[in-house]
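For reference, the structures are reproduced in the following blocks.
Here come two complexes built around subunit A, the first alongside subunit B, the second alongside subunit C.
== the complex of A and B ==
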């Protein structure tokens, strides 16, 4: 199938190096210590952060650092075919682990011993790149919760179809069977915290695709910073009134 | 250097300066490899000039976040706790206030027999010192074991500050070991806190 037309447009009308529109909102869950909604095109996820709080399961308590937990789930109505998936299937267990490890790399866990931080992410609408959207939402929620972090973690995916590197794959492109690279970086520190790829790519092409993904991550980071600053400004304004 | 009037807003990961310029304060951290100070919170950045007599003349840079975390009991802090269970050698309690601030989640505390009062500590009868439901002012002695903070009431101003009698009325302190019910006149035993008049 043709994923990039001769005019250089993708199926949804984007250019190969174009991202979908992103939108973020802070404070979606009032009960949580921090929360956010993150949208990348038609992918929409909600994240809630609780903590740092006392460890629920004492046997998991650590004396030198905080325990970070993450739970990923997909709403039944998030995909086109309404499927009843058992909670804790292999896919969601894997993504939970990936998100947890990615976020743990950025959180200054040694500042909060004897405590735990819970991150809950749920996919409300799935259209490819849920992993990236979840990580971005989790970053926003953690920053909203005021949990100390080394840097924001941002994530973006990139792929390679019709011998063209494509940024931010949607569901159709994701299921095309080409390579799909999900990258998570600490943008200011220039460090990679997550790199996943399914299928294979020659190393020189991987470099191009990864560079594209890095650009995507940095664009997301700029947007997230804007949102955070805007949110802080508004909170200050409200406090001042 | 930043103007004090217009504090800059920062997000996690932003560079604030180097260790030679600034002393890292709250909401910041130092990367171990390049001696750079980064922000770890979202909020306003502030430079605080050092104390005049301190040997370190670098200004302290800190980032104040907008979310205030609930207070956490620390050794030495005075807490208000509600007694939940009284046993022969100890009483357990839920800490509800640290200093003047109420906590946002429950912390468990335990008052051991030897920490109830300062004198004759081996003759203490826990059941004649506390009852479940009593409001107690106590001192945090240590972080305790994994389950609970160790609390102490071994001072005049520490102990039961408010208690309900079996008749259901709030009792009036009579002496440092007794409280009286205003309805029935019944006297109950407590380790009463001496209130500042």
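== the complex of A and C ==
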């Protein structure tokens, strides 16, 4: 199948190096300590953060750092065909783990001993790149909850189809069987915290694809910064003196 | 936008709210225009002076970087970031309101919206009979008679000990709260003040602004003077077992709150709710102002949570801030 037309357009009309439209909103769950909705095109993810709070399971309590937990789930209505998936299947456990490890690396856990932080992410609409969207949403929610972090974590995916590197794959491109690289970076520190890939790529092409994904992550980071700064200003001036 | 359902507002209300918010922004922006930072923003410092890095900051290759979203505060050499939305950070002497989650040996465990549960020792609170003495095993067994799980109680932060945050309730004004409503707001909206207990005589209810973002509005209870209590009790030092089954008719009669008062309690509670959805500071004066506003506009209690009143409150608040600014 042809994923990039001779004119250089992808199936959904984007250029190979073009991202989908992103949109973020802070404060979607009123009872949570921090929450956010993050959209990348048709992919829509909601994240809620609770904590730092008392550790529920005493045996897991750590005396020098906070316990970070993450739960990823997909709403039944999120995919094209409505499927009743059992909770805790292999895919979602794996993604929960990935998100937890990525966020834990950036949270300053040593500042909140004896406590736990819960991150809940749920996919409301799935159209490829849910992993990246979840990480971006979780970052926003953690920042909203006032949890100290080393840096924001932003994530974006890139792939390689029809001998063209493509940024931010959607569902059709994702399931095409080509390589799919999900990358998470710390934009300020300029470090990679997450790198996942399915199927194989020659090393020189991987470099190009990764570079593309880094550009994507940075674009996401700029947008997230704008949203957070706007939110902080709003909260401050509304409160007044 | 947090809290306010913009969809619920009509077109004109939306415009009015936007105008008010712009006004508020212009009022505050003159004070600190670039003090807002977000995570990983570098904070401009004068490197010739020594710098003390406070909360919410970190060092990155010699640069001072924020680790929180908030406002940069500078006190002499100290630079710190005051985070906005976050959980409560206790300070010694704060008045907090909390809910009992566990009754364990000699202590109650309490949820105070902090990263750990707080502890109230049996020995750091006044006994209901007001006598000062050693706590006996009998008292320990009767702990549930004083506070049970899910009770709402008010106390003061005593400080950190090795096993966590300790509280104390050594006065008659602290203790179990009954006959009212508990509201939760983001803790940054409640400012520390000299007085957190308020008795609004004209409406006949008590208002307690807990520093941890829990606010209590309830029927007025006359605080008994400790000293008088002591003298009275010294003559008859027998232990009064708190009788939980005393909820007989007589007791109920005594605890009956008049409809009038209950209505005012609801009014005050809704005032707090409106303020917290708008994200405005919560103080006694502002709450009083809103109650008066709702009374003068003849607004029903349930209508106070409607979009129209929300916009009116926002407009009023902008006006108030403008006038207080002029005075300064």
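Going forward, the second predicted complex is superposed on the first by the 240 of 241 C-alpha atoms of A that agree within 3 Å, B and C clash if a C-alpha of one lies under 4 Å from a C-alpha of the other, contacts with A are read in each partner's own complex, and residues count from 1 in each chain.
Operating definition for what follows: a contact is a pair of C-beta atoms (placed from the backbone, for glycine too) under 8 Å apart; a residue touches a chain by one contact, two chains touch by 3 or more.
The structure displayed is predicted, hence computed values, not measured ones.
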Report task. Could you tell me whether subunit B and subunit C fit or clash when both sit on subunit A in the superposition? Result -> clash
Report task. Spot which of subunit B and subunit C makes contact with more residues of subunit A, would you? Result -> C
Query raised in the report: Thinking of the overlay built on chain A, is A:240 touched by subunit B (first), by subunit C (second), by both, or by neither?
Result: second
Query raised in the report: Who does A:225 touch here: subunit B (first), subunit C (second), both, or neither?
Result: both
Query raised in the report: What is the contact status of A:189 with respect to subunit B (first) and subunit C (second): first, second, both, or neither?
Result: both
Report task. Name the contact category of A:58: first (subunit B only), second (subunit C only), both, or neither. Result -> first
Query raised in the report: Does the superposition put A:27 against subunit B (first), subunit C (second), both, or neither?
Result: second
Query raised in the report: Does subunit B (first) or subunit C (second) touch A:145, or do both, or does neither?
Result: both
Requested in this report: Name the contact category of A:201: first (subunit B only), second (subunit C only), both, or neither.
Outcome: neither
Query raised in the report: For A:213, is the partner it touches subunit B (first), subunit C (second), both, or none of the two (neither)?
Result: neither
Report summary line: Of the listed subunit C stretches (8-16, 116-124 or 260-268), the one clashing with subunit B is 116-124
Query raised in the report: Once the two structures are fitted together, what part of subunit A is touched by subunit B and by subunit C alike?
Result: 33-34, 52-54, 108, 143-146, 148-152, 186-189, 225, 228-229, 231-233, 235-236, 239
Query - Interface residues, subunit A side, partner subunit C - complex - result: 26-27, 30, 33-34, 51-54, 66, 108, 112, 114-115, 143-152, 186-189, 225, 228-229, 231-241
Query raised in the report: Inside the complex, what are the residues of subunit A that reach subunit B?
Result: 33-34, 52-54, 58, 61, 106, 108, 143-146, 148-152, 186-189, 224-225, 228-229, 231-233, 235-236, 239
Query - Interface residues, subunit C side, partner subunit A - complex - result: 1-3, 21, 24-25, 27-29, 31, 36-40, 56, 58, 60, 65, 67-71, 83-87, 111, 115-117, 164, 188-189, 278-281, 317, 321
Query raised in the report: If you look only at subunit B, which of its residues touch subunit A in the complex?
Result: 9, 11-15, 27, 29, 31, 38, 40-44, 65-67, 69, 105-107, 146-147
